[in-house]
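Down below are the structures I want you to see.
The two complexes that follow have subunit A in common; it is paired with subunit B in the first and with subunit C in the second.
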Partner chain A sequence: MREQISKFSQSPKAQAIFFAAYVIVTALGLYLMQTSVIAFLLLLFSILILYYLKLKTRTKWLIGLFIIAVVVPLVASQGPSFQSYMEVGTLVGIYAAMSLGLNVVVGFAGLLDLGFIAFFAVGAYTYAIFASTQASHFMPFGHYPLPGDTFWLFILIGAIIASIFGILLGIPVLRVRGDYLAIVTLGFGEIIRIVLNNMDHPINITNGALGISSITPPNFLGIPIGNSSQFYFIVLGIFLVVIYIVTRLEHSKLGRAWKAVRDNEIAAQASGIPLVKTKLAAFAIGASFSGMMGAVFAAKQMYVDATSFTYLESTMILVMVILGGMGSVPGVILGAAVVTILNTQVLTDLSNWLTQLSTNGVISIPDALSPAKMQRLIFGILLVVFALYRTQGLIPHKNRKINVEKLKKEASEAPGGALLSKERAETGGTD
Partner chain B sequence: MSILEVKNLTKQFGGLTATSDISMGVEKNSITAVIGPNGAGKTTFFNMITAVYRPTSGDILLNGKSLVGLKPHQVSKFGITRTFQNIRLFNEQTVLDNVLVGMHQRLKGHWVGTLLHFPNVKREEENAKIEAYKILEYVGLEEYVNENAGNLAYGAQRRLEIARAIAAKPKVLLLDEPAAGMNPKETQKLTDLIHDMRTRLDVTIILIEHDMKLVMKISDFIYVLDHGELIASGVPEEIRNNKRVIEAYLGKGAVLNG
Partner chain C sequence: MLQQIIQILPQVLVDGLTLGFIYAVVAIGYTLVYGILELINFAHGDVFMTGSFIGAGVLFFLMSIGFLSSVPSLIVFIIVILIAALATGFLGVGIERVAYRPLRRRNAPKLIALITSIGISFILEDVVRFIAELKTGNYIITAPSLFKTQYHLNIHSIMPFFHNVTFQASFLVVLVVTVVMLISLDIFVNRTKWGMAMRAVAQDRETASLMSINVNRVISVTFFIGSALGGATGVLFMIQYGTIDPYIGFILGIKAFTAAVLGGIGNIRGAMLGGILLGLMEMFAAANLSTITHGAMGAEYKDVFAFIILILVLIFKPEGLFGKAVVEKV
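Right after this comes the complex of A and B.
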């Protein structure tokens, strides 16, 4: 038996066959039993299995994309639950992109930010104001709402405005560290929310507590985009861009600088890293992901108000990052998926089921323990368990390993075999 | 010719004067030692040169240009890098990445170029890795390329700090107690390394060290601090026989004569 397992873990072919079978079974399961949340979850679980398979990275990406972009929408599309599955998928994408943004700030650069949702709010309001009649209250020119095909531009604008806010937050915050930083960012998040909630006078910019409604839905080549199954693909697209940016930057000069600042500020500076620029870059880039998703969120809900951007949301994103594994890109994505699915599917379904049982008189639940209240409790217990037993997160961060043999060979072949040739004069070390 | 010159340098922490009115010059391409009993102000002196602290008064000149008021990363760009008495590595990063961080200032690649896959950025990264590997070979850490810096043994961590510091191609290298915690064999290897760096890397080395045997053997010139004041300076032979130095080290006299 053990021998077979080890054989299996060595053989890519066996794994591929097993994996294909798994996907087919779960996909068929979902296709035939539309209301089965379990089939849906098992199908999503295949992505995690894929992550651990012994295949080429590129192959994994292609298969993963195929499952997410083709298989899931296709097999989930047959029944009444279709939109709700797509809704969950969309939310996972939104939160995963935001978590990756927060991961740049907290995981890479080591700056604890408790007000991250503010950037999401900024992105959301940016689109909401201009894609509704709201902008005509204060804009001296132009016709509002702007048409739905400006949405695509607003994804970019949302990113830019959010990153400007990221820098605005960063500048005062750079003087403080650790716990103080956390408190200041928490305050910043609350300030943004309260300001958005009150900017209806003297000039009505955000429509205050009433929120902004009738936001124009996006428009793709003349087709209005209105339901979750369509937003699913927009979110997926942005999510992929975010993953690309994050993974490229992580192993670049900037990514190393972030981690150096996180590990030891004084040594980082002594090694030539400009502290201010490096931290601000983390804030700006992290915030921009949230800004993009904010614009999508506003377009999807067609309504925004400040209640969507509370402190609880900020902590939820932080929980996704920590639960998944700080600094670990796959971990953070998994963390976002787990928390979102728990919140929107599993815990809700569980409490619905319990409520049904108790109304049918099968079990009796005292009022104080009503299933709706239990949701938060169960979530809290799960967090505590993870904090105790899985401190590094679901998929802990691992440093990328370099192929030493290859490097050694290259080093011995490199011109100027002598170490650190004395080319200092040419490289201009004086300036 | 002095590459580094320090004029009337004073640092006060509240009422405590850590260094007081120190003036000295460091010859280009020399190995210069700064010694003195615990709390003499040696590390504070290094911290002022590298802009960790701003001097209360006085001036620091590198090739005649003042460094006072610069940010630490600018000092590094001007050509001064250092190691730390209480090792400061990037513990969660690999040994190779630690050295690559040391090259930060020299890598020109912009993050936009990274995102857009510019070939020059890619080539620069590849060359940087090769060079970092050579530096690790040079200090004898090539077998730990992929290890996390925090997992290295003490002596290896000290050498990695040196590797990171020389990766910036400095003109002046400051070593704060590089031999602390090393066994005699490691200390011997370190001595050879310091000697070799001076010629091969064409660098001026200033070191703080308590190991008198090492200091006497390696230094061209020695400055002695005590209670924040410069009490003596000279070649090793002069320092060995200096009365004020022996007084300052009273109780450590045996070490001095060793």
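Right after this comes the complex of A and C.
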């Protein structure tokens, strides 16, 4: 009997049926109980189940996309909390893309960047300055604010400017010993925040502590985009591009060079990997993802100021990477989703529930204990617990399996290339 | 412009020295730990902050039982600083036990230890905020001042190109206590058996353990000393500046680390000089940036100034002013 069950649970067909049933039930649940956050979360949970199913990777991707892009928005759209669900989805997308960027820096290249939010800030301010009247304070030419159509261009510009900042920070810093890097990037993050907060004099560039308001919303073929439900799809699009780039990079020459540098810098250097160039590439690519999402963030909030870019935010992204698993792409996405949902939904809901209980006189809980204020404690505990007891994270990263037989065959077929292929097989196996 | 700068120079010197001595003692905490474990102990800034809160707590308690009015404030101060130093010392040992020792045993990569230290720093910040907010309703605490006598130093009459200097009695307290701490630490490290063991472990952990030095205990003692000094400095900070909040340790910690790097990390005397130098430079920048740049940049850039020093030192002289260049061995 038990054998049959395990056989049944291992068969792809059975899994597919079970999965379809799960999605239908949770989707129906959300459809019928629009205000139930639990139903929404359970529906999102299906993506994680999908990851562990025994299906072809391509099928999984198609099903996952279908659920995220069609089922979730469609089912959630029937009720009053549609926009708030989509807001959560958008934030998860933004943070997931950023933590994939940080994953390139921390997970692949092994460089601890504690000021990662600075690149996000750079992207956000780039769009904010030019899409509001702010730019007319210092730009000698042009007419501001720029129209919403330019938003699409600014996603790219944000990425480019953020990666330029990444390189600017990297050039002086990457020559020094690895552990200094953490504190320098931390200092850099603070510098960017302080400078943005004070650049209203002598020339008013960032409008100082007041921040930049009334940022032009993006425009898609003449339709202004203002709702979270619309941003959801923009973020999803960028997110897919980011995943594509990251997964392609991971096993490329550059990706293997990163991992070699991470595992042993001196050995990597000895095998001919240009250290500074490789590290700079990690910094620039990681920063560019952040910059893109910064532009989206500015457009979505329609307001930016320096308080959104503190050390706490940098650490939050680090928590996402550590929680999910350093170097593991699916893990980091899961980490980003868990932390974002915890931060935006669960903690605020818990706090509201507790205050309600206190006002009803059931229990009295001091304001200091309110879970929404406990972010630091929670992040701290997550960091310590995962670093000590589960360093590989929720979904540990997997090395790509190398088919040695196939490589050998290829090597024997290509005369003269035998030695090279053998070497490749060995380096591929140890990363 | 130059005249203006010179006029306020004595005042800048006094303020800069106060800050500089505080940086110096906190920097020692970083340098001691780095010298032995090659680990940036991010939690050290928050140990400093915890020390200042413990000091404030003890002070409030003594005030509530009417101790403060009956005993001279110097004795109260000594009691407060001793309790805070002991408590933070044990806190430091505890942090090492919980967060770093398991990693060391496993030979985990350095990155992981850095991450736990960040986690510990967050936990400390929030626990302190939580307790302070629970007890007083606000996490920003203004401590009762012990040494508030104002002194005026009439330099202007002797040297007319200087302005007069004013300082609080607490300035003298900070100066005396930090100098005593620095000197006694220097004697401890250079003249005692434990100090010798510490230096041996810093030089080569394995060989030291072969020479029958209990490495783990030496590391614990190092954490105790570094954290106790940090906590005592927290009390000094509270007495000098009055207002404390749970987030003071973060920026001050980075700056103290900057001071340690400036003086050559791992080098105790270097950290002292680096701290004093950084404090002086920072106060100079804070007082004169707006005069020098004609109002384009003000005192709000003083934190940026410290970080720029850090980056410059790392580029041009990564071994610091007084350190020896280290060759990374395979």
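FYI, the second predicted complex is superposed on the first by the 374 of 431 C-alpha atoms of A that agree within 3 Å, B and C clash if a C-alpha of one lies under 4 Å from a C-alpha of the other, contacts with A are read in each partner's own complex, and residues count from 1 in each chain.
Following the convention adopted for this analysis, a contact is a pair of C-beta atoms (placed from the backbone, for glycine too) under 8 Å apart; a residue touches a chain by one contact, two chains touch by 3 or more.
This structure is a prediction, so every number in the text was calculated from the model and none was measured.
Touch criterion met: A:266 reaches subunit B and subunit C at once.
Legend: residue contacts after superposition of the two complexes on their common chain; A:109 is shown touching neither subunit B nor subunit C. Of the two partner chains placed around the shared chain by superposition, subunit B is the only one that A:411 touches, whereas subunit C remains out of contact.
With both structures placed on the common chain, the touch criterion links A:388 to subunit C but leaves subunit B unconnected. In the superposition on chain A, contact of A:157 is made with neither subunit B nor subunit C.
Touch criterion met: A:252 reaches subunit B, while subunit C stays clear of it. Residue contacts after overlaying the shared chain place A:188 against subunit C, while subunit B stays out of touching range. Within the superposed three-chain model, A:401 lies in touch with subunit B and out of touch with subunit C [touch as defined at top]. Comparing the two interfaces of subunit A, the one with subunit B and the one with subunit C have residues 266-267 in common.
Put simply, subunit C touches subunit A in their complex at residues 38-40, 42, 98-99, 102-103, 108-116, 118-127, 129-130, 133-134, 250-251, 254, 257-258, 261, 295-298, 300-301, 303-304, 306-308, 310-311, 314-315, 318, 328, 330. Residues of subunit A touching subunit B in their complex: 244-245, 248-249, 252-254, 256-257, 259-260, 262-264, 266-275, 281, 399-402, 404, 407-408, 410-411, 414, 418-420, 422, 424, 427, 429-431. Those residues of subunit B that touch subunit A in the shared complex are 50, 52, 63, 71-73, 75-79, 81-82, 84, 88-94, 96-97, 100-102, 104-107, 109, 111, 114-115, 121, 125-127, 129-131, 133-135, 137-138, 142, 145-146, 148, 164-166, 168-169, 171, 200-202.
Across the complex, subunit C is touched by residues 106, 110, 112, 114, 172-173, 175-180, 182-184, 186-188, 190-191, 194-195, 197-198, 201-202, 266-267, 311, 315, 318, 322, 366-369, 373-377, 379-384, 387-388, 391 of subunit A.
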